[in-house]
Amino acid sequence: MKCLLQIMMIWLSGICASFGQNTINLGLQLEPPNLDPTSGAAAAIDEVVYGNIFEGLVRINQKGEVVPGLALFWELSTDGRSYVFHLADGVKFHDGELFDAEDVRYSFNRARAAGSTNAKKYIFEPIVNIDVFDPLTVMITLNHARTDFLFNLGLGDAVIVNESSAANNAFNPIGTGPFKFDKWVRGNSINIVRNDNYWGGAPSLVSATFKIITDPLSAYTAMMAGDIDAFPNYPAPENLFLFNNDANFEVVIGLTAGETILATNNKKAPFDDILVRKAMAHAINRTELINGAMFGNAVPIGTHFAPDHPDYVDMTELYPHNLSKAREYLKDAGYQDGFTVSLKLPPPIYARRTGELIAYQLEKIGIHVEIENMEWAQWIDQVLRNRNFDLTIVSHVEPMDINIYANANYYFGYDNQEFQKIIADIDESSDPRLTSELYKKAQIKIAEDAVNGYLFQLGKYGVWKNNVRGMWDNYPIRSNDLRNVYFEGGN
Amino acid sequence: MKSLPLSLLVGSGLTLIFIIMAGLSFVWTPYDVTALNIDQKFLDPSLLHLLGTDHFGRDVLSMIMVGTRNAIAVSIIAVGIGMIIGVPLGLWVAGSRMNGGSFFDEILMRGNDLIFAFPSLLMAIMITAVFGPGVINAIIAIGIFNIPVFARMTRGAAMGLWSREYIMAARVCGKGMWRISYEHILPNILNLLIVQATIQFSIAIIAEASLSYVGLGTQPPMPSLGRMLNEAQTMIFFAPWLAYFPGGAIVTMVLGLNLMGDGIRDVLDPKLRQRKGQDVVA
Amino acid sequence: MLRFISKRLLSLFSTLFVATIVIFLMIEVVPGDPAAFMMGLSTNTEAADALRAELGLNAGVLERYFGWVTGMLSGDFGISYTYRVPVSGLIFDRMLVSVPLTVYALILSTVIAIPVGVIAASRRGTAVDTTLMGVAQVGVAVPNFWFAILLVLLFSTSLQWFSAGGFPGWEAGFWLCLKSLTLPAISLALPQAAILSRVMRSSVLEVMNEDYMRTARAKGLSERQALLRHGLRNALIPVLTILGLQFSFLLAGGIIIESIFSIPGLGRLVFQSIAQRDLIVVKSVVTLLVMAVVMITFIVDLAYAVVDPRLREGSN
Amino acid sequence: MSLLNIQGLLLSIHGSEILSNVAIGVEEGQIVAIVGESGSGKSMTASAVMQLVPNGAEMSGNVWFMDDNLLDKTEAEMCDVRKNHIGMVFQEPMTALNPVQTIGKQVIEAVRLADKSLSKDQAREKAELMLHKVGLEQTRFPLNTYPHKLSGGQRQRVVIAIALSQNPRLLIADEPTTALDVTTQSQIMKLLKKLVKQENMGLLLISHDLAVVAEVADHIVIMRNGKVIEQGNTDIFFNEMSDDYSKELFAASKLTFKDKKSEKSSDIILDIKNLKKDYKLSGSKKLRAVDNVSFRLKKGENIGLVGESGCGKSTLVRCILGVEAYKSGEILLNGEVFDGQKELRKHINAVFQDPFGSFNPRHMVKRVVAEPFYLIDTPLSSTEQLSKVEEMLNHVGLNADDMDKYSHEFSGGQRQRIAIARALITEPSVIVLDEATSALDVLIREQILELLENLSENLGISYLFISHDLTTVRNITDRVLVMKDGIIVEQGPTNEIYNNPQHPYTNTLLEASPDITKALNDKRNELDDNFV
């Protein structure tokens, strides 16, 4: 029996060798709660389904650019309010249903309806009209021009779903993408297989398995043991160098859209005093944070904007690490003897490690920080909803989310009319050059106001076997689009 | 003069070492455990840093000293809670049962069964989920599960004593349940309680380590042995000492306590059989 | 015997009933709600409210309690808030991993502990006894998660005998699954084996002092024969209790081990569900675990009755 | 050639000598009794023959069994000897059987150990036969009976059957009846005697009670402190014994009568009226432990309450002592209704059976004896208390220095004295003596009884003397109550009850009571019969 098994295994491995590998095992640290990207905000959903199972009218590529998706091309009216999308022909959902313009209308109407559970309902708010001209042409009219509308349509929250299957997408996702959902062993793995009828040319992988590996120790051992071919976002930057030293692996350190900030409760004393915030900004030593917490694998930021974005302004030298200056500001604010604050930390390891370092750094200027580790649920409850906090550390992983500073009710409570005006202008702007200028202005404004402590952009630590090709280097959005992934040396 | 059992000598020796380490950490540690020094991270054990340094450049020996102190403090209080509530409860129901009332006894024993039926680590996690992670809640979570242990043990031992003739004699002298419990029962089960307390103490140390391993015990910047192990686990491939030393410290401390418990039992009552296993599973 | 069983069953059900109330109330006071959790950093409170309504979180307390309990009685544990699939299926899948893991660990620990305990007891006072019990003392002192890390370091990384984690699923074949459960089972089993062997040893020692052992010796049985024929079965009685306790402890206590080895077991499910406030899963799993403990206690009681005829009559 | 011949047996455990130069012989068909107090080495002698001695024991000398010196045998060879030649019966029948195996299995095991050639069915048959021989009929006690279903006496029969089923040449019985009631005791003794004659075995019988063995033994060995003091054939031994210790033992075992002055006052200090007490059993069933018991105790009078285990006497005592509530009836103490109230408690106190369990091991004697002062409303100063304690210790024959010792520093007899001192300290009118002398060796028992008698005369205290043994209460009581199944079946002046029992149960009890004089007479008659 055992002997037979061995023979079988040798035979099987022979097959694999002769045909080249065409299935991939990917490591995923967080299991998605469900597989419906249009409901809920879990990034882990997009990491599995975006671009693989579901597609939107447009797609975001790994450089963060908007490229055609289900809409092969589009026209924008001169007032910037109306988009006419020309859809790909012959596209079928995985269940065989034909995709057409009605699906676009259905998907967007569903997302903006009252009672929608779409986490980014705001994307659809500017829509006033969706006109289906014919099955392959749809016009979307906005209340006013929005330069970010197309980009937003590329997000996972705006993927196109079919009316007949939408309700079950949470556990049986039906999309139009190059991969079909196969099965999900909860807590263990999610399997997707090639969609041979894919309209855009089938991918080279026959199937892909996302293995859920929550524990960073397992992540390491699973990689080393070869159980995993690729870990798109490896959870333990501290031992990345071991893979770097190993010729069997390739390590690609890229960027995510995650601005990691020391979020500060601007409505609460003493942080309502800009001097205090400036003092803190000077007390923060980004180099030490990045070395200590991220083991050198992160890019410092001085404002709430992705450093690889063309509009990014480097504000890191606005408040350089300078303890005496920091103390001076504190003294000016009347806190020469310091004060005690709490620092509520959510579970991710970057937050916990950075938190310990921040506490140590602030201690040096007399701000005594009491760390309170908490779960996400508690953090959301206390920090995000009830704004019951002094300081916290969190990574804002949504792309282009500087507009959150315009919301005076957002948890860090930055209520500045000047800034709100800038964002409003961005919303109104239909001129990309102007928009770009406004974004820069916005970045400078929040940096100057030291709304939060801007620490670093979260890195994306890609680790894969050295024959894996076509993985994303960066996470402009959370996606592991596998359409271009293949094994070198395979067929 | 009877010679002391080896287990007692070794056990109390080990325990003493840790108590001294913990006590010393109040006044002195080789390095400041709250001072982070990134330049000094992952240093091998050397004369400068006897047990090496961690990812923040902290001295592992100093952290173990303070971590031991925290573990001991948490365990003492948690076991204390268990004793202060559990022992009188056990005395009470044993007394009331021996005096004819079995109602409260039934309630307590059912309650005991109920608590025992709940998976302890899971409940500790739930408790800290409700009240937030931290030392106090860890103490409560561990302490709660100590109550039925002591209540049950006290009850059992007390029931055995209640049938003794000197209790009968005391009852004939008109002494009430509580007076008898205090004068006659308690002093005679003290041996058992001490032995049980050392066992529970060692269990509490492992429990504290487990809780802080999952991030629910002692909070940073206070070092804790369990959290050190958790933080170390992704670094063991290049800095294994980060896992060896704190783990070794837990093992030695618990070993010391268990040996001491065995030793005390042997000295106090050689006939007392080893019954500890039942309670160690938690 | 029948009265014995019915009496135990009655206490079993009353314990379970009280347990459901305790669990439900405990879950009620847990702060944070699943809908908000799922919306993450989103500013959209409207969507969270809609989600809350969709998940049926707005019903009254009593309504929810009775809905839950009556649902469970008919095998319907409700729909997971986060996964949106029936909780019963979720739990069942995890049980397919946790129960075998627990049984595996228990078998390992029993197979190690019983001979060790018997040998140590029959050679009490000798170097063999001292060595075995010394090792057992160390075993008791080792936190299983630390042991697991050491095992990984040794077997998965240095020797590369075992894969370090993950579970291939039963359809991948029995041996493959067994292999992937081996390291976790060992790390769970060792401390338990240490405890069990100590219990076994003292139990055997106690039995060896019993009068009926003397009777057996007087019949002409050697010490060894007497132990095997008359002692073991009696010595196993306290061991049974420990085994029962250990089963339930291991079933739930694998949380950390399951996480270290990336095994999709019950412990990890509940741990993750607590974090995600998927409370319907939490309360169902906890109820199930409590039920398991109570059932096991019941089974152990029955086993006692099988081993010990005195208990069959339910006499005191 | 003797069946068993122990010569110059020396046994020491971890260097301390337990047996020295013991020499005893047993012939086929002979019953040899070793008699001695606890610690005399009698049980160790039996263990030494079986070679079932504690770890660390070292032996020298010779134990000849037929042609073999057992001391030379290896453990494996000894197993064979135990299988085939020597059987043993122990003191504690309640625990001597494996509780998880049927009696049949345990007997069959013994059968097959001794004779491997037997088939399963044959072994079964033999086991049934053996159980029949010891009086356990198949119909009532089938082989699949578990030990817990049996009473102590029945279990002892099973143990005997086990020993017997191996057709031993020698049977060793170590206090086989000590844990049993008198009536059972006499049955078991008769059974043993019958079996010895039937099988022509040798029996080495070990007992602490001369009276018990006198009836059955052919040869008596008196042991003390690990040495054989004196031995001889029963018929002549008692006449020819020369050692003082033997004489003392004999005297203590003999029943003597003293005439009692019967000038009792008519003051009734304890009046029990129609007392009833029920225990709830499982379900709605009840056990009436005390059923309609009435009696009166007058000042200066001593009453004996006699009955076997389970007759309800302990319950009655607990009710009288006010530590247990009763169902109906009345207890009048000095004319007042007593149901445990503290004010009346000083009039009544008790001495219990177990000299080792009667004191809190963590309290010194002065604290133990002073405990009843708790009952005094106006507390005495501690010096007053101490002088009172001293006085009481003197009364019971102890010294004032003993106050500062712990109870474990005293022997059993001394402890009972302390217990008496404690009972006396509040100068009660009644002392309940609950089996107060049952656990003591015969000689000590004598002394304690004497002490009690003196105290009663000097202090005018009344005793309620509870015992399972009729002979013990005979000399100290004025009246006797016989209790069975919760009912007082007979009561009357002690002499009348003894000489002319009315109730058949009383009669049985009396018959079964070991009585050395009677035993010796019977023996003589038996011999005479043989001559005729």
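Per-chain residue numbering starts at 1, and chain names A, B, C and D are given in the order in which the chains are listed.
Assume a contact is a pair of C-beta atoms (placed from the backbone, for glycine too) under 8 Å apart; a residue touches a chain by one contact, two chains touch by 3 or more.
Source: prediction; values computed, not measured.
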Next item on the list: For the pairs A-C and B-D, output the one whose chains share more C-beta pairs in contact.
Entry: A-C
Next item on the list: Let me have the rounded angstrom distance from the C-alpha centre of chain A over to the C-alpha centre of chain D, please.
Entry: 87
Margin query: So the centre of each chain is just the mean of its C-alpha atoms; given that, what is the distance between chain A and chain C in Å?
Written below: 39
Next item on the list: Using mean C-alpha positions as chain centres, tell me how far chain C is from chain D in Å, no decimals.
Entry: 50
Next item on the list: Indicate the residues of chain A shared as contacts by at least two other chains.
Entry: 215, 217, 347, 375, 377-378
Checklist line | chain B: positions in contact with at least two other chains | finding: 129, 233, 236-237
Checklist line | For chain D, residues contacting two or more additional chains | finding: none
Item checked: Inter-chain touch pairs (all) -> A-B, A-C, B-C, B-D, C-D
Next item on the list: Provide the residue numbers of chain A that touch chain C in the complex, in ascending order.
Entry: 2, 5, 31, 33-34, 39-43, 115-122, 170-171, 185-189, 211-215, 217-218, 221-222, 224-225, 227, 347, 375-378, 380-381, 384-385, 394, 396, 398, 404, 407, 409-410
Checklist line | Residues of chain C touching chain D in the complex | finding: 3, 125, 210-212, 214-223, 229-230, 233-234, 307-310, 314-315
Next item on the list: Can you check the complex and tell me which residues of chain B touch chain C?
Entry: 110, 113-114, 116-122, 125-126, 129-130, 202, 206, 209-210, 213-214, 226, 229, 233, 236-237, 240, 243, 247, 250-255, 258-259, 262, 273-278, 280-282
Check: So in the complex, which bits of chain C are touching chain B?
Finding: 11, 14-15, 18-19, 22, 26, 29-31, 137-138, 140-143, 145-146, 149-150, 153, 157, 192, 195-196, 198-199, 201-202, 205-206, 238, 241-242, 245-246, 248-249, 251-253, 255-256, 260, 267, 270-271, 274, 282, 286, 289-290, 293-294, 297
Next item on the list: State the interface residues of chain A toward chain B in the complex, per the touch definition above.
Entry: 215-217, 220, 236, 238-239, 242, 288, 291-292, 295, 347, 352-353, 355-357, 359-360, 363, 371-375, 377-378
